[in-house]
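Across the two complexes that follow, subunit A remains constant while its partner is subunit B and subsequently subunit C.
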Partner chain A sequence: MTPTSNLLAYSYYPGCSLHASGKEYDVSTKGLFRALRIGLQEVPDWLCCGATPAHNVDELLSLALCAKNLSLAEQVEGDLAVSCAACFSRLKTTQHRLTDNETKRRQVEKAIDGPVPLGKPVKHLLEILAEDYGLDRLRDAVQKPLTGLKVACYYGCLLTRPPEVPQLDCVEAPTIMERVIGAAGAETVNWSHRMECCGANFTLSRPGVVLKLSNEILASAKRAGAECIIVACPLCHGNLDIRQQEIEEASGTRYGMPVFYVTQLLALAAGVSSTRLALDSMIVDPKPLLKEKNLL
Partner chain B sequence: MTLSDETMNLSFVRKVEQLSGSSVRRCFQCGKCSAGCPMRTFMEHPPNRIVRLLQLGQYERVLAGRSIWYCASCETCSTRCPNKVDLAAIMDALRKLSWDAQGPSKESYVQLANRLFIENIRTYGRQYEMRLAAVFNMKSGQFLKDFLLGPKLITKGKLKMFHQKNRNMAEVEKIFSRIEEMRRKGEAP
Partner chain C sequence: MSRIGVFVCHCGENISRTVDVERVAATAARIPGVAYATEYKYMCSDPGQNLLKNAIAEHRLDGVVVAACSPRMHEKTFRNAVKSAGLNPFLCEMANIREHCSWVHEDREEATAKATDIVSIMVARVKKARSLAPITVPVTKRALVIGGGIAGIQAALDIADSGQQVVIVEREPSIGGHMAQLSETFPTLDCSQCIMTPKMVDVANHPNITLHTYSEIESVDGYIGNFQVTVRKKARSVDMAKCTGCGVCTAKCPQKKIPNSFDKNLGLRTAIYVPFPQAVPNTPVIDRENCTWFKTGKCGVCQKVCGPGAVDFTQEDELVTEKIGAIVVATGFELYSIAEKPKGSPIKGYGEFGHGTIPDVIDGMTFERLASASGPTGGKIVRPSDGKEPKSVVFVQCVGSRAREKGISYCSKICCMYTAKHTMLYKHKVHDGQAYVFFMDARTPGKGYDEFWRRAVEEEEAVYIRGMVSRLYQKGDKIVVMGSDVLVGVQVEIEADLVVLATAVQPRTGADTLAQKLGISYDQYNFYSEAHAKLRPVECATAGIYLAGACQGPKDIPDSVSQASAAAAKVMTLFARDQLEREPIIARVNERFCVGCFACKKVCAYGAVEEKEIRDRQGRLIKTVAYVNPGVCGGCGTCQATCPSKSVELDGYTDEQVIAMIEAL
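Moving on to the complex of A and B:
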């Protein structure tokens, strides 16, 4: 095998949040992939996937927006890497629905005025790390093991549900996050709320919903002895991190629970400088915890 | 109430089935959807009752109130249904039928937010969170909602003040107008 054939390279769809409220996720995904020498090239002028709001209002529009993005992604070589759980879910849903349903496919083709390419594999970065890159190589790439850090892996809704769409891992008891962060040396806790909904996009219209559901998630993680939570979705991150202080005030419980994107901790372990992980953008300051664990 | 042709609207159920691509009739009321629903405490009808009411043609009771607007699309119900009833897709269909028939109500704030989200896509090609939150607060009359959060997010660099130009903007507008055209001609639901 020549050395070049060992190199992985992907096209990359960051999604809207990763260019704004979830910029830590974008920065750390890129930093991690660079450290692991995995190629990542952004799809030029990608469009919003429509997320949950588009299918809540108009399913055809939702499918058409994702179909257009799948077609734009054809310009860049390599499987399509996606970090955001919602974008991942919508792009995979579109592939799934349009493969199964010819009437819908014809409607979408008409809406985007062209064929919908359905052949490019859409992969979540967890899948890329666990399967394409491999846990053994990941273990070898660790320069600063996350030893002694107790992590609660939070999956939320869309990474695994409904099972026929993402096909990422077991739908009711996934372990992919635990395996990946475990390879970087962290200790993962067993806890009850890792697949419960955080309140999702009610954060804009009915924040009270988020205060209740996300409080239960934080309480469960704390009960299990977690020192931090890791997520793979910018909406989950917003609800657990940005709204954490409000949740504490409403519930009368102090959590002070840092919420990392999975890639932030992996990149730190892979030797990426802590100044390049957007740690300052997190609302709950993670630095005291990282210092305590000698990771800063 | 007695069930009869007059009190049961079964054509509504067929519309729901057509829009959602899911059977309503296959449900045998095991209740797993409601057992796993994270939003059930916010709803006056738990998910399994929504399906039962649909089976009995009681669509006014389904559309009245808040239940359909408090579904978070978490997909737990669709995942766990032993009969492959796609309740998350049925909820999407119900929200669309309700909005088309009755327009906005005080329970449907979430759909107002969703529509602004889509408006953003049509205008900018991508989300522009600052505008989304500002316009939502204005239109829903909650001018001070998250008043303290905004400045905090700006200092953390989490809210962009300006949107980026996207070379595919013209294409986005065409997608929206082609879909509208298809609906006018009855070629799309």
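Moving on to the complex of A and C:
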């Protein structure tokens, strides 16, 4: 039994996607953390981080939204855990922008009508697993190793960039996802498009761009021998999973490549029941693959 | 009462923009002991100096304070002026109101008050100053050149040709440096070996040159004109006096599969080897890490086949001490590596280029070895992975250079030109091949350089794409180069057979350690710093040490050679005199008060403190006191601060002077 002093506890900011199209991510994050005995308490009354639109339209708006969330997060103990890559990026950017900019900070404080606390560390769940919890403990917590499953770890644009903001891992060649999923027994492939853009929110305005860029990602993963892709961003997930059939039609290539959230596979390995991972919400059915690997 | 003159300089607007110089002069005039105070626009100019000299005569001044720039800039100038007016030069001091005041402050009132304080302090110091006479020391007319690349070779030959003795210390088994590795040189495309090797042979044959190859600097003591340098001659395992260079040992060595670093590991060499056929000296060396004898105690083939019996497994590192008068540092450069850097290194690698794991992504020097007639492929340009001729080659400039996010902001200067050269060499050898170049700017400021670059673009049809490369990855047997063309505003993807990276020029690994041994300064990248960026570009701030070549900053061959000759000229100027005048800022021991505790001896960084016996007329020992050797004393003042009985004082910085300076505030 782990002594209580070793128990970790975090405040949790899920973000809008995780309560909607990216529900699988939320469910599996909570399931995984429960299985690992890591405390996770949602920030009460949180609001949207502004995502991509806010900072494209008005920087003050985007900073104020995140500042409000940071201030709300003060009500809950523990560093702020974030799953969504975009929320993570926006919250970290806000801390970064306001830390050395007194003028901006005063503007934001006026906008949210209160002080902006910048001291609470904002951590991506990968950071929590790899550093706070530790890979050795993670390895020990695995009940159903992902042995033989060939995984392509897809980072997308926001987890490590821009270099001065997230400081998560090496900017252009990170390995944190490989290390974490590797600790759960999966085999990770070395592939070329780990860091390329999936087309992001052009998925609504210019889907053609997404079909082209996401096709290259799927093709590269396939070329490298991956059987599935793992992601840490609901938008990447949408583009690679929901749009996969369209991509296959447009490119004339059949992929059938399941796209998991990193937490879904980790939770599975940590012994969370597969019925509690929202596998049915995935468009590309992952069950045949998981059955083949004796993981279901 | 003293009669001090205060001269406040405007330095154009450098000082007067922030400091009210008229007010500083007027306030100074009221300090007791100041007989005359004035200001002038440029004190260092000829009329400015004349103003100073005339004032000394007219107002019978017995001390001078020039309130202007740093003493490092013009102390010498004004002391010479004072001397020519008949006053002892050490009665003239600089009050630095430029670097220490006007340049770093904005508020005029505060800056003026501070400048006034600085002037009062220096007046107090000059009031207590004593006339000092320069110390003369003999000059050892023997120069040390560290590094045997083109810069070191040129400097050594120039000094040796003037009739003076030169010692060269080279880390590698042969001299020649990077230039010996190059294929052809820009902007004339003449063969590098053909112009380099005769100079290497000249070094070997020159009666005035002593060559220590496979050697490193162990320690450096002393000062200008009188350095003692200890050189570690690494064990070559071959007796240089006996070896005839016949080459039988290297031919017979059974250990044949060691990557040859001279060929950027493209070719292989034996465990006993000469790095390249034209090596000087042509004496092999045993690579003990890879030699079977040193690993297992068996083999010894080279020893058996060596006719003159030159192979000596028992040889050990040897320490040689040389007496040296001047040092030329010419340690050169190395290329930035895109590999993952150790944690904590301010310089980063290129994960987006695979951290150097794609075999057909090579650096510029590797391409030189491929293109070189004496290289591992005999000049045939092929891919390292499969030996096939590449039909499309992408050259990427500014890899690591001008990239703040990678930890380096400077321009490496030589890459634009050598990449243009590479595209030509490639086209000359692979007629149906296509060269592409990704570049930020084409920087070609040199004689015949722009013409050369235009030739690459217009005649040799290299496709220049203005933009950066974001990622390289292997796809089948091609390398996909993803980049942007910022002139057209599109993203570009090229499938290349070979990618050549123009990686940044960096100082040699260990440049900082050597600098610490020499006591010279270096910048944040470890490039050695010159004494003045414009006016003293070949001298170090440390007297008697000079710089040549790329150890000071990225340089091409003509620039390195010019700087080397300039450094040689500086050494010859020094050697033209038999005696050298040294500043008399040295420590003196008051033998009456010295109790002989030798605390000063323990703290002296220069080893200048000796023990001196004082005897009476009958020869009986009265006491042993400290004695400071004036030729060795560095004038740091540590002994003065340490001495418990206050019996050591540094001339020019006596306790009396320092206390007066503090009290003047």
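The working rule: the second predicted complex is superposed on the first by the 294 of 296 C-alpha atoms of A that agree within 3 Å, B and C clash if a C-alpha of one lies under 4 Å from a C-alpha of the other, contacts with A are read in each partner's own complex, and residues count from 1 in each chain.
Everything that follows uses one rule, which is that a residue touches a chain if its C-beta (ideal position, glycine included) is under 8 Å from a C-beta of that chain, and two chains touch if they have at least 3 such contacts.
Small disclaimer: the values here were computed from a predicted structure and weren't measured.
Look at subunit A after the overlay: subunit B and subunit C clash there.
In the superposition on chain A, contact is made by A:A20 with subunit B only, not with subunit C. Residue by residue along subunit A, subunit B and subunit C are tallied for touches, and B comes out ahead. Contact with neither subunit B nor subunit C is seen for A:N294 once the two complexes are overlaid on the shared chain. Touch criterion met: A:K110 reaches subunit B, while subunit C stays clear of it. By the document's definition of touching, both partners, subunit B and subunit C, reach A:E196.
Applying the stated contact rule after C-alpha superposition, one finds that A:V171 touches each of subunit B and subunit C.
When both complexes are overlaid on chain A, the residue A:P163 reaches subunit B and subunit C alike.
By the document's definition of touching, neither partner reaches A:T275: not subunit B, not subunit C. Within subunit A, the residues touching subunit B in one complex and subunit C in the other are 163, 171-172, 196.
The residues of subunit B lying in touch with subunit A in their complex are 19, 21, 38-39, 42, 70, 72-76, 78-79, 86, 88-89, 92, 95-96, 99, 109-115, 117-118, 120-121, 125-127, 129, 132-133, 136, 140, 145-146, 149, 152-153, 156-160, 164, 166-168, 171-172, 174-176, 178-179, 182, 187-189. Residues of subunit A that touch subunit B in their complex: 16-17, 19-23, 44-45, 47-48, 50-61, 64-65, 68, 72, 101, 107, 110-113, 157-158, 161-163, 171-172, 196-197, 199-202, 204-207, 209, 213, 242, 280-283. Only residues 163, 170-174, 192-193, 195-196, 220, 223 of subunit A touch subunit C when the two sit together in their complex. Touching subunit A in their complex are the following residues of subunit C: 340, 350-352, 354-355, 405, 471, 473-475, 480.
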